[in-house]
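Residue numbering begins at 1 within each chain, and the chains themselves are lettered A, B, C and D in the order written.
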Amino acid sequence: MYIEKARVDSIQTLVPNTYLLKVFSPLIASKIKPGQFCNIKVSETDYPLLRRPFSICEVDGNYLHFMFDVHGEGTRILSSKIIGDEIDILGPLGKGFTYDGVYKTAIIIAGGIGAAPFPYLVESLPKDKEVHCYIGGRSKNNIIDYGMKNISVSTDDGSLGYKGTIVELFKQEYEKFKKDSVSIFACGPNPILKALQEFTIAKNIDCQISTECAMACGFGICQGCPIDNADGDGYYLVCKDGPVFDARMVRL
Amino acid sequence: MYIEKARVDSIQTLVPNTYLLKVFSPLIASKIKPGQFCNIKVSETDYPLLRRPFSICEVDGNYLHFMFDVHGEGTRILSSKIIGDEIDILGPLGKGFTYDGVYKTAIIIAGGIGAAPFPYLVESLPKDKEVHCYIGGRSKNNIIDYGMKNISVSTDDGSLGYKGTIVELFKQEYEKFKKDSVSIFACGPNPILKALQEFTIAKNIDCQISTECAMACGFGICQGCPIDNADGDGYYLVCKDGPVFDARMVRL
Amino acid sequence: MSFVDQSIQIGSLYLKNPVLLASGTVGYGNEIAQFTDMSKLGGIVTKSLSLKPRKGNPPQRIVETPSGMLNAIGLANVGVEVFIKEKIPFLKELDTTIICNIAASSIDEYVECTKILNSVDIIQAFEINVSCPNVKEGGLIFGNDLNSVGRITEKVRAVTKKTLIIKLSPNVSRIADFAKVVKDEGGDAVSAINTLVGTAIDIWTRKPKIKNVTGGLSGPAIKPVALAKVLEIKRKVDIPIIGIGGIMNWKDAIEFMIAGASAIQIGTVNFINPNAGVEIVEGIETYCEKCSIGKLSDIVGSYQI
Amino acid sequence: MSFVDQSIQIGSLYLKNPVLLASGTVGYGNEIAQFTDMSKLGGIVTKSLSLKPRKGNPPQRIVETPSGMLNAIGLANVGVEVFIKEKIPFLKELDTTIICNIAASSIDEYVECTKILNSVDIIQAFEINVSCPNVKEGGLIFGNDLNSVGRITEKVRAVTKKTLIIKLSPNVSRIADFAKVVKDEGGDAVSAINTLVGTAIDIWTRKPKIKNVTGGLSGPAIKPVALAKVLEIKRKVDIPIIGIGGIMNWKDAIEFMIAGASAIQIGTVNFINPNAGVEIVEGIETYCEKCSIGKLSDIVGSYQI
């Protein structure tokens, strides 16, 4: 794990309110794995106080990409960075996706900004795996297909693709993959992950979900980020034991 | 008084650590007088919390100039503004210089960043007045002669002009002006103002000094900025009754 | 065109909306009137008044801290007499509710001030400041002592029928006990909170940055503490609360109301944005419309715990 | 090459420098060791330990506030037994002073924990947490009660000869009274402060942002309050103080020492900059050189008032 002062190389708007930030960060780039995250200091002052956690979106040589939505003040500050600015990044953090198992098709399910971790995962999957990406959003302007392949889309308002949630769409299409061995990788709003968790546990499909939780440190010293274990008799820490968990391991 | 969102038109370094900021602020520009000041919000967030007071340095049509030293976090943030940024400015505030009296020569005495209010004063003086500017600084790199005329210089280290404080230099040269009627306008560190106050009161010379005090509001509602009156039995408010005072009125 | 009823009733005090400007942060109203339309506010609370004029503390009186500020003004004020003669005429013109804040160094002085001011028609309520951290006599010696707060409430209550609000100190373990005693002694409401005691030291001169050594901490830094105090009172004592502490915008104001505040006061923010009060009234309006709240007072204490 | 003597003596406890990592903000040292050279620190204080493991509070446990954060971890910890078996071996390797923080829900539990841990050689001091705002039993019920703090100090003192530090609650009117009782009952030092009680509410769901309803406020926001508490103790009671609260850098550390702290602890800043402790030690060094201070302990309580 490193704390690296990373120079902004580019920042672009992918879809309204969603940015792609590219920074020069060779140390972290050399180690970080899909599904891991970094904890980013968005300003040079002590305000806002805490770092902000972001999944690694893509690695390109010495460069890291982060994909983020402007949510509150921290992400607004981040979105106003310009080329040459330095950003203080702590990472790589957490446990990422396990994707080298014995399955045939990787199914990616992303809701909204839940798309963030997948370009790097898609890129990193063993060449023999097939990939199918399910991407959901509120409306067609929110569909983020950056770095995705083989895409099915749903929107809440039906303005693009299936009208409904992405998990509903996946459930309908699941028959297609039924005979193959599949492994699911999902990230998005909690209700979506919950619906998916129920489905995959019932059907006994391998499913890894990337979870979120308010964090102070991001590396295990504050105990601020608990998530219930499946039995409900103890907690994992999202930052250390996650953010990616086997869907069977946790209670959402 | 106005609260105006002013667009940055230019920002330049005058001498190391001293900046000149030019903003488009037509309302305030139309009213502000030499010696008055503005209270500036240096960031778009609630941090730093308070505005920062700065003297008006120059007015150029719809534009205001401020001259400032980087001192702490607020001025550091201000110095990193770029063209097109918007800054929230409250002004004009306080009582400025009275400069239309019956005197022949205006003598300006500035220590360090105390130079800030004088370009506008020099510009605004009635055409029949003569002007002589005494400018002091730590070393030749700190001498700010922007907008000044007819200059005598002192430095603490003797690297330029007289070696010593600017008030010492003025006292030595005062003989020159003795027979004329003069009016003194001064701004700078407290010890300099104090020395000058003593001298001018003893010699019965008109002298106005621009003072500083920590401020919260800048317009009279917080009572945060008292300065002792000459008798020591009450306070003036620097922001409302000053920042410019007749040297006879206050205890420094 | 607004369909939201923002009016608030506290004892006999009617406020057209819950946004008040806090004592000590608006003087007597004249300066801030240049920046904002005071008739749109719920009301203003005057700078603390004492029987005789007070010069206040020597400089330096204020210092900025992270997301906050310390002040030790020391209750500088013109005194009751000058207030009535010179400030009341302006306040009369304002078309907003006037609450008069009183600070004193003895119980008798509280009573005396209230008596004198009680006859001034436009003063609609009294806020008794028993919690100023910046004066030697009175202030926290009263505010942190249950007994004194009870006595002051009782004695002042006896001389006025106007709405009586006691402004509580946050520098205590159980603020609800203080609210309880105010209620028991006939107070109509409590204001919470006044500033927290704090200090700052210059590491080069080793002197306190504030001449008075300690000052009162206000601003966003104290908001979580203030909210917890309001919630504590609301959960334990049935008395109207005026929420104060670090409110910068309408969201903060709503947060205090949900926690239990019937009305709110804004202090430090006035120094930065003297129009904040009006903006808060407008923001509350929009929030209510979004949430289909017809009567704002319905949200008071509506926390889901 | 340094000529500044940063060493500090508190009771029988020798610290090579005054910078300690605060309880609950470094776990048991292992994670943070990846980012910083712990041998350069004065020491670390472990996460509060209880007799049995504690699961802690349900999420959400933390929320950011202006220049601060609220936490309600609820003393999640592995318990004394697992601590000795699994955490001590790592701590042994660290070449820094280990202070063991204990939290309990009864006086007996405090005594029991101390007894067990007393036999562990590398533990050089105990810090007794009587001031956690986030648990139902123990915590502030003890910390805000003079009598309880006295009893706990007395009973724990009876079972250990190691340096005994009591960590005080800031949620009281007169913290010096608590320091006095600690001194009278044989405590070697006090730590000040633990977090301030605070809360935050989501205005859309009307639920507290923290599941526990209230949490403890830490970070720069509380620094002025913490400094005032340290100064209050220093001016009234002759007992070593460990200053805590909102320290972000060496300047803040020096400010606390001038106010009266013999040593300091850093908490929240570790989450943002896990190397802050070492940077503070270095900054103190430079400050002392600039000010020609040969022995750092000379500045403790050197305020000019």
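Criterion: a residue touches a chain if its C-beta (ideal position, glycine included) is under 8 Å from a C-beta of that chain, and two chains touch if they have at least 3 such contacts.
Since the model is a prediction, treat every value here as computed from it, not as a measurement.
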Label of the chain whose CA centroid is most distant from the centroid of subunit B: A
Intercentroid distance (Cα basis), subunit D paired with subunit C, Å: 34
Rounded Å distance, subunit B centre to subunit D centre (Cα mean): 46
Intercentroid distance (Cα basis), subunit D paired with subunit A, Å: 36
For subunit C, residues contacting two or more additional chains: 66-68, 219-220
Two or more partner chains touched - positions in subunit B: 46-47
Chain contact graph, described as a line, ring, star, complete graph or other shape: complete
Contact footprint of subunit C on subunit B as seen in their complex: 1, 3, 41, 46-51, 90, 213-228, 234-235, 240
Subunit A-touching residues of subunit D, taken from the complex the two chains share: 24-27, 31-32, 34-35, 47, 55-56, 58-64, 66-69, 71, 73, 76, 219-220, 248, 268, 270-275
List of subunit D residues in touch with subunit B within their complex: 66-67
Residue ranges of subunit C touching subunit D (in the complex, touch as defined): 65-68, 70, 140, 144, 171-174, 196-201, 203-208, 213-215, 217, 219-225, 227-228, 231, 246, 251, 254-255, 258-259, 287, 291, 299, 302-305
Contact set on subunit A toward subunit C in their complex: 46-47
